[in-house]
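Here you go, one structure.
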Amino acid sequence: MDLFRLVDLFGVSVFAVSGALKAREKRLDPVGFVTLGVVTATGGGVLRDAILGRVPPFVFQDSWILGVAIAVSLAAFFVRLPAKGLEYFDAVGLGFYTATGALLAADKGLPSVPALLVGVTAACGGGVLREVLVNDLPFVFRGTLYATASIAGATALLVARKFGAPDALALGLGFAVTTCIRILAIRKQLSLPTPVD
Amino acid sequence: MDLFRLVDLFGVSVFAVSGALKAREKRLDPVGFVTLGVVTATGGGVLRDAILGRVPPFVFQDSWILGVAIAVSLAAFFVRLPAKGLEYFDAVGLGFYTATGALLAADKGLPSVPALLVGVTAACGGGVLREVLVNDLPFVFRGTLYATASIAGATALLVARKFGAPDALALGLGFAVTTCIRILAIRKQLSLPTPVD
Amino acid sequence: MDLFRLVDLFGVSVFAVSGALKAREKRLDPVGFVTLGVVTATGGGVLRDAILGRVPPFVFQDSWILGVAIAVSLAAFFVRLPAKGLEYFDAVGLGFYTATGALLAADKGLPSVPALLVGVTAACGGGVLREVLVNDLPFVFRGTLYATASIAGATALLVARKFGAPDALALGLGFAVTTCIRILAIRKQLSLPTPVD
């Protein structure tokens, strides 16, 4: 099992926990925990694959990804997981899915702005679906530079690629920019302004 | 018109009524009735087909399915349908879409856990979309073994298939397990626990 | 740049503004403005393309469409756009997406009722997603003949096509019927009834 796959399973686990925490907040039953966990963990990637015509989407080709998402969500029903530190782990998942999503889209030949959107959708889509399912206002609309970090990272990746950077470098840059901005925003509580008046 | 198709149209009608009842609860106009009726009746199957790459999804290839869903939803606007007994009919639809969804996915070569998820999505997806559209918390997150019955039925079907059962037998088993558990849960008011604390 | 494309970009801009106005109502940050603007402007077309198997969906093949939607949404964050008159422009977009969506579906060989649904989804889907994302009850369920105008226009187009009308005529008819009914409904405040009792 290579590093790439390990990071993928790590990201899925972290996102699944964030879905399960929302389920706890709403006092759902175990099916609700698993639904929110799986949707949060895999929703962004499913949207990405649907956009790019990768059918069936990745989670439906691999019992491991789904199995891990289900197991983690169920565990979070029985054990109260510590939420502390979760958002730092989440920042790693955000960077990973931003970079891989944008690179996949660019490799498929999509123009830059659409490829950017695919990366951001892959990274933020699961979280948006989580909130939509339980009728909360999506976190990304008011979060501390969550989607913004993803936008910046995808932009960095696509610019680097434009200038001929090899895939591994572009990927690393997209990941690093996203994750660093997001962690900085958490620590300094940075956020975007809301409209005046 | 064979038995299979009759059950399909029956399931579509029942699910359409449950969408229309939600529209009545929210006091929507006839367009709202039809939208909720059609989404509830066909949403799960559309998600299933999108996952499996069956394009266009079944409802878009067949004026009958859509026509029945629209007609039933409209009728439910003009006539106050009796809700009593509806959940028993709904249990039949739940079993039918669980079994056909899981079998279709397994036939496409999907691994077991993903095939299970496809069956559950086909059966429960329409109901989730219905609630999401009108901002209610999805019923499956707190219902009386609704998604749980679907999970059990899809599991039974996939295990039977693994042991070499012919399709008709596996299908019947998946249907029976889902529908029986759900009916039992309605009669005995069984439900899953919510998290302690 | 031909007339068709100009109308398309015009429709995208108008729908993006209606998304941004919703973002202002909810006091979102610029990322929220762009998300709602882009989803409203392109969501219907993405659903249409997903149904018809056009992958990747149009907005992902064209930096212009997305770029305009993003730019308009951002502009609406910084400048308070006048809402007055917007619904008239919106009626033009509604007609355009209804007609092009229904024609595309019919050209793909879909039967009439499904083709009708594709046209209505293309025209109204973005607005429904906008409301779902911020947990409002979708406007089309209670609006002044919004989806209804789209249904009427798509029906007119499909009937004309059935009777052998050339594409340009059918398209013009679908557009005109949708837009005229919608404008009439705005001016006369027409709406459908809600269920008695």
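Order as written gives the chain letters A, B and C; numbering starts at 1 within each chain.
Note that in this section a residue touches a chain if its C-beta (ideal position, glycine included) is under 8 Å from a C-beta of that chain, and two chains touch if they have at least 3 such contacts.
These numbers come from a predicted model, not from an experiment.
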item: Superposition rotation for chain A onto chain B, Cα-based, multiple of 5°; value: 120
item: Same or different residue numbers at the chain A/chain C copy interface, by half rule; value: different
item: Inter-centroid spacing, chain C versus chain A (mean Cα positions, whole Å); value: 29
item: Per-residue overlap in chain B, given as positions that touch at least 2 other chains; value: 50, 132, 135
item: Residues of chain C touching chain A in the complex; value: 23-24, 26-33, 35-36, 38, 50, 55-57, 59-63, 66-67, 70, 77, 80, 132-135
item: Chain B to chain A touching residues, read off their complex; value: 50-53, 105, 108, 110-114, 117-118, 128, 132, 135-138, 140-142, 147-148, 151, 191-195, 197
